[in-house]
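What follows is a pair of complexes built around chain A, which joins chain B in one and chain C in the other.
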Partner chain A sequence: MVGTNLTQVLCDSDFCNTGWPTILTHLSPFGWASMGIAFTLSLSIVGAAWGIFVTGSSIMGAAIKAPRIRSKNLVSVIFCEATAIYGVIMAIILMGKMEDPPASDKIEVYEWTTAYFAGYALFTAGIGVGLTNLASGVSVGIAGSSCALADAQNGSLFVKILIVEIFASALGIFGIIVGIIQSNMAAFPTPP
Partner chain B sequence: MVVYSKPGGIATFNIADGFVEALVRGLRLGFLKDMDYRAIHQCETLADVRLNLQETDYGNFLAEVNQVSPSIVREKALEKLVSEFEYLRASADQPLAQFLDYITYDYMIDNVMLILKATLNNPNTNIVELVKQAHPLGQFEDSVLKSICAFENSPKGYAELYQSVLIDTPIGKYFARFLQEESTRSAHGASEVQSLLEEMPTTKLENMLRKLYLEDFAAFCEELGGETAEIMVDIIKSRADAAAINITLNSFGTPLNDDNLRSTERKPLYPSLGYLYPEGIEKLALVSDEAALASILRTYSVYQTIFERHQRGDKTIDDAFYEREVEINELAF
Partner chain C sequence: MSTSADIGTAMPAFFGFAGSSLALVLANIGAAYGTGKAGVGIGAMGVMNPEAVMKNIIPVVMAGVIGIYGLIVAVLLSSAVTAPIQQNGESINVYGWDLGFKHFAAGLSVGLSGVGAGYAIGLVGDAGVKAVGRQP
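Up next, the complex of A and B:
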């Protein structure tokens, strides 16, 4: 066939795709931002829930034969819950940066570049916070389960293993710090 | 073959098994320690023992009885074990539940053999007494055990016993395989079905049942894979080898030791798994006295040490095997 441009060969109309870059430019920035908010919330909750069931089942089982560990070990559950709270905080911050989309007759005068920047920033901040909280929640859960089992055997081990859990939940804090800084610069322009 | 889900990795194990695992760790903590054994050692009477056990996990199990005697201690200790086991079994998820069930099949085989032997030796034995003696971990319904006493020792009797009673129990399938193998073997032309089966000693039945049970259990553990497979298969293989060596030892004085009978009668009794399988079993099938047995075992150092103890006479071979089993079971924790 004559012609070297792929789009001329395949398709001639105005509505054709030009290839892979259209995925990035033709998805609405509002869509990107909303997905980011969804991911931050849901992935953090998955991490927290995972951690809680892992540590909760061990605490229940170990407390049958060693009832003294019941109250102390709820600290592990609280650490897991903290990752869920980070997710909620981040989601609320990100939602604060959203604005209404432009009306259909004002589309040409809208500042799309700022909007795209904001959309990408909110999406990646959301994914970042979500995934770090997922990892942190699972890790706190597994460490918490071992903490309960070790505490049941030998009470002096509790405080030492708690330090491991503190490091594990610090991972979630790293995520939310970077996420907040990243979403700081993002701002959807007000609709004209 | 049912497909069981494998026990999870570090992040998912607790979904199904976290509670039971923590419970097992707690129960293990309750074992009597060196200190407790020493204290018991110094006691004069059983009442003293009860006093000394107050601090431990065993504090309450003798609480209700007034007159302490060895049989009551054994009964109460078994009750404690059974209630803890039942709790574990009730809280367990598949495939752990099936694993715990396999443990009970061993005791079920024990109980069935106990009642069979008692009935064959003395048809008027008191059934209720026997049922009380049965190991509680291998519980059947009451009706099952009582109807075992009613059957006769003839080929039709065995088949009837299977059809009416054992077919519903979990060990029914081992009994079915046993009946099948007996009928194929006698069809290969030794003599008529009737006379062979009539002379069937109950020890043969017990051997076959145990062999089939061990093979089944090993297959189940292999399916589960991972560490369960490694450790459990090790334990089951040691059991199988102990059974093989015992069969050989016990057959030395009996007709099974004759040259012509060795390969047809004795060989099928050996389990088809274990560290002695297959080369050791081939050699074991041909030995005729203890010296030859000792020379074969020389290549397997663990069994050699056990057998030497037996030959020196300071421990019976059952005790020595039992010690070894306790060691490897401990490692499994």
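Up next, the complex of A and C:
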């Protein structure tokens, strides 16, 4: 196996890291998949929350002198929330791909190669969707903030700057498309 | 029957999938930065010159295109990672280390260039739309 010679050269103990094989194979594929699910949900929500506080504070500040903007600019908050919903959808899809681990007496007959492949696929799908939604949520929040401030000055600007927010939230959709394609490649074997 | 020695054979798939996700994530980080920065500039100049706002949406569109580049490459790379095949009751990995590192490098190159492009679009778009607002 890769890295076997390095063990004898660098360190003789079983407790040394000798490279990628230690990281990639010493974490169970069910652990990789679970981390992917956790990251997709949590990072999407962090992005949505970040965007909401950026746009919300601007809306509240601008609404002091221009109270008419309050209801219309809640659309910006809804765009940020959609980012979190993409994360929830992706987490539910990824959870549906997981299977039970094998029983302790069936470990030798379990198809570990397919399981590791599926674990890596779910992990990278989750990280990809989570980080994309983080970036998208922040971008929507910043665009929403400038939308509220411009709307307070001139009411006709709201719809025009909303177009910027629509482009920003499209990034979240790109993430979920790739996440679904990657999770379709993952298929944990049924436990024997 | 799979033995514990087989647990390491699917390792290249991590790099293949990671390349796909990196292409997506990094290109979208660049696109998000460009969209946000140019959007702030549009908000600022729209107050001075409302008629020119629609013309100045172009930097935001350009930044969105960077995100689409990342999407396309991510879809191509994740479809290229082949699953282990079933043979005589056990699964054999067919996706080798060469493909894994190639796909990782491909995703990284698209992603990092997307970060650079999106960052540049954001800064130039912000400065440009503010300049157009003052002097069309």
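As a convention for this text, the second predicted complex is superposed on the first by the 173 of 192 C-alpha atoms of A that agree within 3 Å, B and C clash if a C-alpha of one lies under 4 Å from a C-alpha of the other, contacts with A are read in each partner's own complex, and residues count from 1 in each chain.
The rule is short, and it goes like this: a residue touches a chain if its C-beta (ideal position, glycine included) is under 8 Å from a C-beta of that chain, and two chains touch if they have at least 3 such contacts.
Quick caveat: nothing in here was measured; it's all calculated off a predicted structure.
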Mind checking the superposed model to see whether chain B and chain C fit together on chain A or clash?
fit
Compare chain B and chain C by how many residues of chain A each one touches, and report the one with more.
C
Who does A:Tyr120 touch here: chain B (first), chain C (second), both, or neither?
second
Should A:Leu131 be classified as contacting the first partner (chain B), the second (chain C), both, or neither?
second
Contacts of A:Ala66 with chain B and chain C, given as first, second, both or neither
first
Is A:Phe53 contacted by the first partner chain B, the second partner chain C, both or neither?
first
Working from the superposed arrangement, determine the closest approach of chain B to chain C, counting only CA atoms, in whole Å.
9
Overlap of chain B and chain C contacts on chain A, residues 138, 142, 145, 149, 153
Flag every residue of chain B that touches chain A in the complex, lowest number first.
10-11, 14-15, 18-23, 25-27, 29-30
Along chain A, where are the residues that touch chain B in the complex?
50, 53-54, 57-62, 64-66, 138, 142, 145, 148-149, 152-153
For a test of understanding, state which residues of chain C touch chain A in their complex under the given definition.
1-11, 13-14, 17-18, 20-21, 24-25, 28-29, 31-33, 35-40, 42-44, 46-47, 50, 53-54, 57, 60-61, 63-64, 67-68, 70-71, 74-75, 78-79, 81, 83-84, 90-93
Of all residues in chain A, those that touch chain C in their complex:
1-2, 20-21, 24-25, 107-114, 116-117, 120-121, 123-125, 127-128, 131-132, 135-136, 138-139, 142-143, 145-147, 149-150, 153-154, 156-157, 160-161, 163-165, 167-168, 170-171, 174-175, 177-178, 181-182, 185, 187, 189
